[in-house]
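Once you scroll down, you'll see the structures, which are given as structure tokens.
Two complexes are shown next, each including subunit A; its partner changes from subunit B in the first to subunit C in the second.
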Partner chain A sequence: MKPLTITICTGTTCYVMGSGYLLSLQEQIESACSRPIEIVGSSCLGLCKDGQYGCAPFVQIGSTVIAEATPEKIIETLKQQTARNPMEQI
Partner chain B sequence: MNGDNNVQRNKRRLLIETAALAFRGRLAEEIDALPVKLFPKGSAPTRCCIYKSRAITRYRLMAVLGYSTQDETDECTPLSEYVRRAEESRPPSGPILTVINEACSACLTGRHYVTNVCRSCVARPCVTNCPKQAVQIISGRARIDEERCVNCGLCLQQCPYHAIVYVPIPCEEACPVGAIRKGPDGHEQIDEDKCIDCGKCLQACPFAAIAERSQMVDVIRRLREQKPIAALLAPALAGQFLQDFPKLVGALLKLGFSRVVEVAAGAEMTARHESRELQEKISRGQAFLTSSCCPAYVQAVRKHIPALAPFVSQTPSPMHFTAQQVKQQQPDILTVFIGPCIAKRREAAENPCVDYVLTTDELGAMLVAAGIELADCPPAEWTESPLPQARAFAVSGGVAETLRAVSPEPNAVRPMLIDGLDKKSLKLLSVLPARGTGGANFVEVMSCAGGCVAGPCNISQPKTAARKVRDFAGLQNPAAQAVS
Partner chain C sequence: MNNRFFIEVDCARQNKHGQGAPGDVFLSQRDPDEGRIVCVLADGLGSGIKANVLATLTATMALKYVRSDMDICKAAGVIMSTLPVCSRRKIGYSTFTIADIHPDGRIRMMEYDNPPAVLLEGPTVLPLEKKSMEIQTAHLGPRPLFYSNFRAGQETRLVLFSDGLSQAGMGRPKTPLGWTAEKAVLFLREQIRRLPNISARQLCRAAVTEALRQDCLEAQDDISCAVIYFRRPRRLLVVTGPPIDSRKDPLLAARVAEFDGRKVICGGTTANLIARELGRTVQVDLSFLDPEIPPVSMLEGVDLVTEGTLTMSKTAQLLEQNQEPDLSRPNAAVRLMNILLESDQIEFVVGTKINEAHQDPNLPVELDIRRNLIRRIVWLLNEKYMKQASIEFV
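So, the complex of A and B:
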């Protein structure tokens, strides 16, 4: 299975709000979702500026944006997406 | 607790929002609305209800403004009044940490608990072994009478089902010196005669009931006045953001600092001084010398291990050397030490060369509030080049490594590392004067396990930070680095 990309924002706002800790979750997420994933850090995704997307830290999986991202929320989103789309990548 | 949790995030948000108001000069006008802004109607409560969250936020904001919750004489005083008072004169000195009783009251009281694994067995060793007759069987389950229980733990040891658990109070368990205890009103109190300002209770409390009195708002006011003001960056700072150091310097200049200095330069001076002191003391027959750059450790000796005091180095800290140099070059400049440390606030309060202390998370909040994106900052030209080892002072082992590097005979420095203060390592330290070190002549002590890169107010994960700091120093990253 091709690894699914999880983009973690490491812009200043997201980093200050704790996204640095999300960068090291590879194993935890993989074992919870039993599928390969790839975690990439990104510069400011531009979601933190006007507050309309909620609060930092932001994580993006495909077209889904997770605000106030936590390991649980990331795993939850992945499970939902896999359930909706069991055969293919999202 | 992992360094990223709701307590930390709420703290950062509070700092960001406060800093944003301060930068816009709207603090007095808008601060009283912040608790509601952060916990609006309909938001998911993180405590029993949003009203409690708001009330506690108000007390946390008092600390952000520099006040202790004990400074409150009248619950009707709005936060804006504290803003005004702080503008007139700096908030009173005194303890750095303050306990918010309203948040603390949600914590546990008793400590030994009977779980529902209890089978109400026939032997009932818990009942028969309790020396205080505190255990009784009520409705088919053992119960512990909190009033009588002295937490001796005999019932826990005796239960064949392991049905009794011991739940320590997080702050009390974390405190290495027994300085935080429940007072008669059931809330935690910090005993100033014992507290060493290590900040471990602050990191451990899951209810955000312990807050540190900040100087951030005052610093922002100074920045807006555009007077000469220098940022003194602790060595740990090199590992606190993902971007390279020159960009961080660029960001600080953008924030309004007129000058940025690396405290690593002072660390080199500390090491040179300390290396001479070591030679001298050893030649005069002293068995060993301990470091003195960690103010939490220095306070621990002063308050708890007086017998060790003669062995503590007299050498001033890197912060002192750096600030002194900056003040000598430019007497009218204000000095702001920036680091991950709470104990440095105490050291600075006693040092006329240091005007303010900011913590790393406060700096992060200020950058966010000012809309400064580190990645986009023009890197400053950075020509300072302290000794590489001095840049790694913030990683456990770094002080000893620097001492060796500056010593004419590196092998004459035989280090022993105390990596983190806890009850156990304090005990070890307390026997050193009598029993000696077993061959070591230099004892490096860091209150935070892993070094300042694991300090209580950091942003980065300690491991990531340690790696970055050593990379910046141009030193190898030993695989066996002890970082928790």
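So, the complex of A and C:
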């Protein structure tokens, strides 16, 4: 199964708001949603500018933006995506 | 800026075992306009706080007098007659070595009772012609002083050390007379032979560590070693912040690409813009994670890419606290500090475009913080670490 890319923002605002912690959760997330994932870091995603997308830290999975990201929110989003689009797994 | 060579000055020290205050004091000051450097190594009588006071007084006076162009011999006389007298031993005494260094390599040196200073060209010892003269002291009668006047060339090092280094290990079965100055010099030569570009910083630390080893890790006296290294400057370019006018982006990128030396970019936005201009990509490197400092990124042709504000504030703090870069915890701030300390001439190019990416409603304040932060870093590098650092706003 192709690993799904999870982009975690490591820009200043997101890091201050705790994105560093999320970077270290590869295994936990993987086992919770039982599919391979790949965590990549990114410089400021530009989402923290004007509050339009909510508050930092930001995580992006495909076209979905997760604001105030937590491990639980990431796992939930992954599960939803898998349920919605099971074919993507192949 | 004197480009012919850079003069790196560093001193390593180890307090006598069980003493909180160093009895050896090394002071060094670079005149920002002339580039002249005055260094003093003083070793106060005894150890601990009393010795520290004597040595500090001596070193401070020497630095002041020599900088104000008082004749170096006269300065020595004044110092020796003004030192406070120890109530028990009835003498006020501190040895000293003063080196007055001109940016073109001319050196005037005055030595009083420290082990003789050594001039090394690569690993070879160069003979120094030292004139002996007598100076009247208040409590010890006439004492000999050695004056020398010489020129240091490219790749030479002037090494000063206290007797705590040459006498390390004294009285031990293997080294009844201590390590000795001769063996210490052999050690220095060996280090240089093995690592011809060894920095002043590394060399003085290596010598002190070895002396401490001779003392079986419990220093019997204060151990100090100072190295003054004349060499080709190591250049570093630090770019942080996008230029105020985005039409200047290509220029900035070209400057990074063409710079002759090491390169650092602080700030994700800046890194992205340089990468875009050069047709390269930036990749965040997650191999080392730190809870406080965002990870570094990789960009072809650039030695270090870090996040901006958090990393630079931490680096400023580390520089302020005079901490050794702890490479066992190689977060971006430690790596930035390390690369700064391994350079001599450092150019900061600071873009003044307001970083619209931050949530702070007082955007201009953020820019001010960044500017002040960099000013602080530059000040620390110049004043505390004897670098030649400059800032340019674009």
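Just so we're on the same page, the second predicted complex is superposed on the first by the 88 of 90 C-alpha atoms of A that agree within 3 Å, B and C clash if a C-alpha of one lies under 4 Å from a C-alpha of the other, contacts with A are read in each partner's own complex, and residues count from 1 in each chain.
Throughout what follows, a residue touches a chain if its C-beta (ideal position, glycine included) is under 8 Å from a C-beta of that chain, and two chains touch if they have at least 3 such contacts.
What you see is a predicted model, and the numbers here were worked out from it, not measured in a lab.
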Give one of first, second, both or neither to describe whether A:Tyr21 is in contact with subunit B, with subunit C, with both, or with none.
both
Touched partner set for A:Gly51, first subunit B, second subunit C, both or neither
second
Contact-wise, after the overlay, does A:Gly41 reach subunit B, subunit C, both or neither (first, second, both, neither)?
both
First, second, both or neither for A:Thr12, with subunit B first and subunit C second:
both
By the touch definition above, which subunit A residues appear in both interfaces, subunit B in one complex and subunit C in the other?
10-13, 15-16, 20-21, 23-24, 41, 43-44
Residues of subunit B touching subunit A in the complex
2-4, 8-9, 12-13, 16, 241-242, 361, 364-365, 367-368, 372-375, 459-461, 464
Interface with subunit A, subunit C side, in the complex: residues 268-269, 271-272, 282, 284-286, 289-295, 297, 307-310, 356-359
Residues on subunit A engaged by subunit C in the complex (per definition of touch)
10-13, 15-16, 20-21, 23-24, 39-44, 46, 48-49, 51, 56
Help me check something: in the complex, which residues belonging to subunit A touch subunit B?
10-13, 15-18, 20-24, 41, 43-44, 55, 68
